[in-house]
Every structure is written in C-alpha cells, then in structure tokens.
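To start, the structure under review is shown below, and the notes come after it.
Chain naming follows the written order as A, B, C and D, and within any one chain the residues start at number 1.
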Amino acid sequence: MMKRLKSKYEILRQKIYIVIYGSNTPEGKLFDLVLLLVILLSVAMVMIDSVKSVDPKYHNFLYYGEWVVTVFFTLEYILRLLCNKKPLSYVFSFYGIVDLISLLPMYLSYFFPEASFLIAFRAIRLLRLFAILDLMPIIGQQSHLKLALNASKHKIIVFMYFMIVMSIVLGTLMYIIEGGHNGFTDIPNSVYWCIVTMTTVGYGDIAPITYVGKTIASFIMIMGYGIIAVPTGIVTAEYTNLKYNNSELKTRIVCPECTSFIYDLDANFCSNCGAKLLNTEKLQTDE
Amino acid sequence: MMKRLKSKYEILRQKIYIVIYGSNTPEGKLFDLVLLLVILLSVAMVMIDSVKSVDPKYHNFLYYGEWVVTVFFTLEYILRLLCNKKPLSYVFSFYGIVDLISLLPMYLSYFFPEASFLIAFRAIRLLRLFAILDLMPIIGQQSHLKLALNASKHKIIVFMYFMIVMSIVLGTLMYIIEGGHNGFTDIPNSVYWCIVTMTTVGYGDIAPITYVGKTIASFIMIMGYGIIAVPTGIVTAEYTNLKYNNSELKTRIVCPECTSFIYDLDANFCSNCGAKLLNTEKLQTDE
Amino acid sequence: MMKRLKSKYEILRQKIYIVIYGSNTPEGKLFDLVLLLVILLSVAMVMIDSVKSVDPKYHNFLYYGEWVVTVFFTLEYILRLLCNKKPLSYVFSFYGIVDLISLLPMYLSYFFPEASFLIAFRAIRLLRLFAILDLMPIIGQQSHLKLALNASKHKIIVFMYFMIVMSIVLGTLMYIIEGGHNGFTDIPNSVYWCIVTMTTVGYGDIAPITYVGKTIASFIMIMGYGIIAVPTGIVTAEYTNLKYNNSELKTRIVCPECTSFIYDLDANFCSNCGAKLLNTEKLQTDE
Amino acid sequence: MMKRLKSKYEILRQKIYIVIYGSNTPEGKLFDLVLLLVILLSVAMVMIDSVKSVDPKYHNFLYYGEWVVTVFFTLEYILRLLCNKKPLSYVFSFYGIVDLISLLPMYLSYFFPEASFLIAFRAIRLLRLFAILDLMPIIGQQSHLKLALNASKHKIIVFMYFMIVMSIVLGTLMYIIEGGHNGFTDIPNSVYWCIVTMTTVGYGDIAPITYVGKTIASFIMIMGYGIIAVPTGIVTAEYTNLKYNNSELKTRIVCPECTSFIYDLDANFCSNCGAKLLNTEKLQTDE
C-alpha cells in the first residue's frame, strides 16, 4: 500500500528534505539561490579578511560577519542531518566532508586561537557551488562533457603517471648536470623544475645555466609541448564519440546528490548515497 | 504601394546610409578602406604617443594629428546618427558604445586636463576593425568557426567557471601552506598565482618555496596542463560537427551591423538592430 | 618431438623465468609487486639523500639502505641473466641497459669515491615501472593510445624537427637584433630562448628589451601558440581513426618484454627479443 | 619531334640540373647528402663562433672554415644559375633568396669589416634543409599535414589577427590601470605583455601589481588558455577531413623545387617556378 500514516514530524522532515535536496519546487530554488549568495558572501569575506592592507575596523566587522555565516551554515548542516533518512551517508559524502571542513576551523579558532590560520579553509565551501550548479539547467550542457571525462579518466591518469615518472627521471638527470647550482639544489627541486618545464608553466625561479643543461631543457620543453596532444586527443575523441551516440546517454539517471550514474531507470533512490531521485531530475541531454 | 515620394533629404540619408553601413557599392568599399586606414593611423599615434623616449617635438605633432583624427571620427559619428532611421539603436549597439568611448576622452582631456590619462582609451577604436572585416569576403571563412564558438559558448563558460572556483580553493590552500611568504601574502594574491599556474602562464613573480607547496603546485600544473584538453575537445567536436552539416548553415543570413543571425530569409531589416539587409550580404559558406 | 628430457637445472630456470618475466602466475604477480615497491623505495631514498637539509644521521641510514637495495637489484639482474635462454638479448634490451645504469654507479662510487655524484643515476630505475605497468590490466587502456602515438611518430618527429630549425633561424635573428645584451649573449643562448618561447614555457631568464626584439618575440609567441595545433591535430585524428577501427587492433599480440607488436597470432616467442609469449598476454582492447 | 640535336654544353647542363635539382639518381642523392652535411657543419660553425668563451685560436680556425664553406656555396649558387634554363626564377624563388642572404654577409664583412655582425645571417641557410627533406620519402608523411595547414591558413590568419587586436585593446587597458609602473611603461610594452600572457608564455619581466590589474590579467590568462582551442579545433577538423578524403590527394603532383601543387598530372614543368617534374616525384600519400 502506497498510503500510510506519517507522523507530523515525518511530514516536516519530508518537506525540509525536498527544499534542501531538491531544486524543482519554488522553495527549493529559493533555498539554492540563498545558499549560493551566502557562499559567495562568505568566500568574499575570507578573501578580504586575508588582505593586510584592509583597514583594521573592517576586520572587526568581517569577524562578526563570519560568525553570522558560520551559524547559518551550522544550522543548515544540522537540518541536512535531521531531514536525511540516512544522515551518515551525508556526513561521509564528498559535500558532507566539505561542509564539515568549512565549519570546523571557525569553532576551533574560538577555542584554540593558535588554530586561527585554519579559518581560511572556509573557502573550500566554494566547492558546494558545483553541487548547486549541477541542479541547474545550464549544467545539463555539461553532461556529455562529464561522460567524456569519465571515459577518459583512466587514460588521463596513465598519462599523468607517465609525466610524473618522466619528470623524476629527467629531473634527476638535470640535477647531475647542473650539480646543485642555480636552484637545482637537490633532486626534489630538480623534479619540480622538470614539471614546471614540461607543463610549459616556466616560472624561471629555477633555470639551467650550463650549455648541456640548456640543451636537455630544450628537449624537455619540446617534449612537453608535443605531448600536450595526448590528453587533448583523448578527450576530443571521447567527446566526439559521445556526441554521436546520444541514445546511450538518454538511458541514464544522474543522482542530484552524489552525481553518480544510475542505470536502473525505475530507481527511486540513488544506489550510491541514498538520495531520493525525482523524475524531473533525469539527465538533460544536449539537443 | 512600394513606390512613394521621398524628400530630397531622405534620398541623401539613404545614400549616406548605403555608403556607411553597406560594403557592396564602390563608395561603401572606399569608405571602409578609408575608415580602416584612419583607425590604424589613430591607434599607431596613440601607441607612439605613450612612449616616453619619443622626442617631445613629435609629441606636439602627434597632438595635432590626434585632433584631426578625433574631428574625423566625430563627423563620422554624427553622420551615422543622422542617416540611421533608429539612431538610438546605433548609440546603444556594441560598436556605437565603442565609438563613443574612443571619442569622449579627447574632448574630456581638453576641458579637464587631469583626465588626460584616459586618452589611451582611443585604442579601443581598434575593435571597429572586427565590424569592417566582418563585411569582407575573407571573413566568410570565419562563419563556421563563429557558429562552432557560439555552440560551445555555454560549455566554455562552465569550464572557465570551474577553473575560477578551483583556483580560489587551491589558491586558499597554498596561502595556508606558504603562509604569507614569497608573494603568497593574501588569498587574492594566492588565487592570482593559481590562475597564473593553471593556465600555464607562469610569470614567476610568485612561486612556492616549501617542499609541500612545490608538491601541490606540481599537481596544479599537471592538472592545468591536462584540462586544457577540455575546451579544445569541445571546440573541435562542435567545429567538426558543423563542417559536416553545411546545409543548416546556408539557411541563415548574418546581419552586417550587429552580426546576429536571421533565420527569415526574406527579411529586409535585421530583427535585432534594424540594419538594412542586402541580398549580397548573405553569409558566405566554406566550399 | 615436443617432449624431451630436461635437466633439473633447466626446470628451475624455466620456473624462475616464469616468475620474473611473466605476470600471470601468483608468484609472478607477487614478484612484480615486490619489484614495484623496492623501486619506489629506492627512488625515494635517492631523492631524500640529495636534500642537504636532511639530518646527517639519516644520510648514514640511507647509505646502508641503498646498499641493501643495490644487492637486491644485483641479485635480480643475475637471475634475469641466468634464467634467460638468450641473456645477451636482455643485456642489450632497453630495460637491460636501464638496469645496468642504475646498478653500476653504486659500485663505482665504492671504488672511485669521486664518482659518487653518479649515484643519482639510480633514479632511472624508475623507468622500469613502465615495464611492470605494461603487464597490468590498467594499461590495457593505453593500447589504442600507443598505436595512435606509433602512427603519429613520424609526423611528430618531422614537426619537432621543424620547430628546432625554426628556433635556430629565429634565435640567430634575435641574436643579431638584441646583439649580446640581456641574455642573448651568443647564438646557442638565443636558440635556447627561442625554444623556451615557442613552446610557451617562458622562463624570463632571457627576454628581449628592444622594441624590434619585442615585436619579433611577439610573432614567435603567436606562432608557437598557434602551431601547438599541429601535434594535437595529428594525435587526435590518428586516435579517432583507431577508435573506430577496433578490428585491426584485436589481431595483434604485444610482447610483454619489449612491447613490440607480433602479427603472427600463433607465435610462441617474440620475434624481436625472444621473450616467451603466453596466451593471456594478448593485448587488452578498450570496450 | 622529340629528338633534336643538343650541343655538348646543353647535355652537361642537363646532367648537372638532374644532379642538383633531382633526388632520384644516385648522384642526386649523394649531392643532397653532401649539401645537408655542409649546411649542418656551416650552421654549427656559426653557432660556435658566436660563443665568447670559445678559445680565440678556434675562432681563427672557424674563420678559415667559414671561407671554405662560403666558397662551396658560392660555387653551388653559380652552378644552379648556369644549369637552370630560367635562372631568374631561381634567383627570385624563396630558396634562391635564402641562398643569397646566407652568402652575401661573408663577402660584405670582407670589404666592410663593420658589417661583420651580419655574418650570423648565414644560419638562415638552415632553411634549405626543408627543401632537401621535402625530396625524401620521410616527408611524404607530411603531405596530409601540409594540405590541412593550407586549408586552415586563412582561418588561422584571422585568428592571429583577432589575437593581435585583442592584445592591443587589452594592453592599452592594462597601461591605463597599471599606469606606467612595473614594466607597463608605455602602450607597446603593455601590448607586448598582453601577447606574452595570452599565448601563456609568461616571462614575468612585466607583471601587474595592483589588485585590479591582477584581476584583469587573470581574465586575459583564462581567455588565452581557452582560445588555444580555436587553432587546434581548426587544424584537427581539417586534418581529419583530409585523412578520409585520400582520393583528392592522389591526383596532385608536388613541385620538388617550390613545393606548390600542380593539378595537371601530365605537366612536365612546374607552372609556378619552371622546375622539371620527374614522374617519380609525385606526392607520396600515407597508406
């Protein structure tokens, strides 16, 4: 039987759940918008607070503002815990951990003033924006991209692994050649230089001075410049592939909470995190 | 009835309109060429004028030259206003604003000498070149590209948004690790460093010194090096897609004034800015 | 006759061969894992040993650790020689040379203390990781990529050759223009600067100061920025091509020892290096 | 009549022509190889000669070596003139000009010692390598690439033009914001900085210091990082396109002298530069 008696509390819990986790009702949209603005405000305050040249009286003002924001997010965190049937799945989900890390430093800094340098961690609250944006139609655009990146994941990890191994080998070689001079003081620094060079970043804080070193550096640069083709080729091929195989895409549901894919189209709850799946949250495909 | 009496003024207005806004008549082509040359001359003068090592007597010469150019563009601006049936649509169009911004500083600097640092703004006049080139056959080449970039727009905005959020999160992390030393003086500077690093620009004015900082910086670099594949994959896939679907492309008209697309092939005026559409200005497609 | 008498030694040799060169038996997998861990340990020790700020007492500890690792790899090297029917093919194979280069410096530094700066060469032992990873299923992912890179090889060499020639020509031009100032002290340094610039690395240790030099540098940068499209286009096209022609891929066997391709599916030994081919080592294809 | 009397001189001329301009006969291949080696030797001497730390006695040796090479190339230049039926078409061809520019400075430096800084121009002789390599089978590989680059040419020029205009506009904006400090001393320098930044080179010799400047610089970097997708997308699409339309490719002949395409398969002489076309020099296509 679908119909059964719900306690008053259960109905309230259900309502709050839909407002907080859903984005289809007007209340859910308003909640997301408020959350978005408070997150942006909070991050702006963290950033301004770190600037030394800002007038001390503003720092005082920022301090109170940060406590207001912290209380707001503490309440939101408690609400999320209370309205979720499986609160632990939220606590140990990616965004649950993000929420906790961005809340704790403020309380810690109150009890242990020496931990105050941690309060900058509140900025990781910004990662929450990805969760909010995932619920919005504009990101339906991203779906193909996500699938393509998912399909390319293993290959890109192998590629990055290749780059790190080559950096260690070539960095060691440069350490032997430049022999501790001009920033190549030890192997970790030489490897760091090699990554800076291969990725074409090139700070210039460490740079070869010997002719042999410069010659090898030249080959590392040309190699780094050439192999950028590899991740690009992988993503392009996967993305083109997916663009032309829409059908496969349409048979998936994406969980609004943990963004994992659910292949059982009749599922009502996410098999990964237990979030409720609403029909309207099925993945939006391009065209 | 198509035929109706036009006042002498109306005929003149029509003629000037075709010369200024069109590019099909010999007069229109000549006008575009003169405009092109005066713009290039004007920008060259702005650039040379800013160089301190140039002899003061040339500065005097440049000052008069700039007034000549300013008068020329003022007349052109007035003509555009007079010959356009809807002058306000021109004033508030992109190029109308560009024209105004590049004209005003010169007059302002005459009345308020302290505003003279604004006269460099005349260089934005250069943006007009895009409008002139849009009318030329060589840019017919660009049409597929424009459509591909248009189709990729949302995805690339989402990607850039992702990069900015990651830069703020990782920049904050580096601020905590490097703790105010070596350029990481506050979070905005650390975020700036993170963008400099992720985009593989790498000035080197700010660079990590601790081993932990260098390790995280290495991962940021490899990440930045890898995710360049994303915009590239998007544009390539969209461009390849459009290359093989020419038919769709041929059914559009591009407005010569505001470059928006008009799908009604029988339209005589642009539905966006009201510019007159000439048959010959239909979009040139590749091959 | 396939069956023939094997001496006790021959059976042992065969067993060790399967453990060392194979990766299908539990012993072979365990051996690979132990090798992987010892290599990582060894490289970590080389890196830490090079850092001057590490406490001298640890250096002593590291010294003994390095001798333990060296003895381990010496035994492994001897075992590889003994169990291989064609030991010379191993000695002169890529990984055989890598093994020797990473072993010799430690012994040399014992007899000739002045050669101790060579011991950093042990880090090239890391290249062995490629051989181990090649045997693991995760790298089956790489197979298309390898084929695509193989197919692109000649074109990318031609491209890199083009870049080097252009760097020499443009570097010489910059040497003439900047005339020995600001780092452009001779042609090799100017060529080095040109490679640093074209690959978009941009250290900034050498940078033009004259207006003419900066103008030419600008064109070199825009050129370098534009032609990155070339290797990317090549790899993407080859990779897309191979993705859609899976059939060809499935008819190849990849040699686990030298990673060359064998087209005779019934081959039992690699035609290149003589390594034994096991059925289960056939190339894993994507999807 | 095909058969006609040739003077002894004419037969000799024909023979030398085939040796110098052709690459199919053993003598032609030998000539190309010798030329290749002398060019490499010559460029190596130019490079070493510029290094100040090289011992003066070697400079003396290099001076005589350079005269030997110069005489060799002078003889080659004269031979090319004598054996070519249309010597002027050679003189004004790209490689004819390259040859002259790399010969003249040595003679000029003899008569006008103050012109000796020009002798570095001999390095442009290196460009000749492209002509030699074009004749070799390895570069047959390049043919698709060349066609793809040819097809992309106009679009890439438009793209580079866009980048230059944007650099001037954004460079001027940065000049106004940073106002002459920290390297932004005038508009040309600011534009140079903008190109260094947009192409992700990032020397760091000029870098913004104000918060507003850093914010705008961040957007320029992200823009530069994103729009690298444009040339890559163009070349990839064109290259993929050509890969799958081989038929068109096979109906062209490439001129060995000026590398232009000839569509008349029965042509015996290049319609562009007049070089003799040999059957075997038809374009090698991939696969």
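By our rule, contacts are C-beta pairs under 8 Å (C-beta built on N, C-alpha and C of every residue); 3 or more make two chains touch, one makes a residue touch a chain.
None of these values were measured; they are calculated from a predicted model.
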What chains, if any, are shared contacts of chain A and chain C?
B, D
Per the definition at the top, count C-beta pairs in contact and tell me whether B-C or C-D has more.
C-D
Copy-to-copy rotation (chain B on chain D, CA atoms, range 0 to 180, rounded to a multiple of 5 degrees) logged as 90
Equivalent interface positions on chain A and chain B, same or different at half:
different
Tell me which chain's centre, taken as the mean of its C-alpha atoms, is farthest from chain B.
C
Measuring from the mean C-alpha position of chain C to the mean C-alpha position of chain D, what distance in angstrom results?
32
Starting from the mean Cα coordinates of chain B and chain C, work out the distance between those two points in Å.
46
Give me the residues of chain D that touch two or more other chains.
159, 188, 191, 200-204, 224, 228, 232-234, 236, 240
Spell out the residues on chain A that touch chain C in their complex, using ranges where they run on.
154-155, 158-159, 161-162, 165, 168-169, 172-173, 175-176, 179, 185-188, 191, 197, 200-204, 207, 211, 214-215, 217-218, 221-222, 224-226, 228-230, 232-234, 236-237, 240-241
For chain D, which residues are in contact with chain C within the complex?
43, 46-47, 50-52, 117-118, 120-121, 123-124, 126-127, 129-130, 133, 138-139, 141-142, 145, 148-149, 152, 156, 159-160, 163-164, 188-189, 191-192, 195-196, 198-205, 224, 228, 231-236, 238-240, 243
Under the touch definition given earlier, write down the residues of chain B that touch chain C in their complex.
200-204, 232, 236
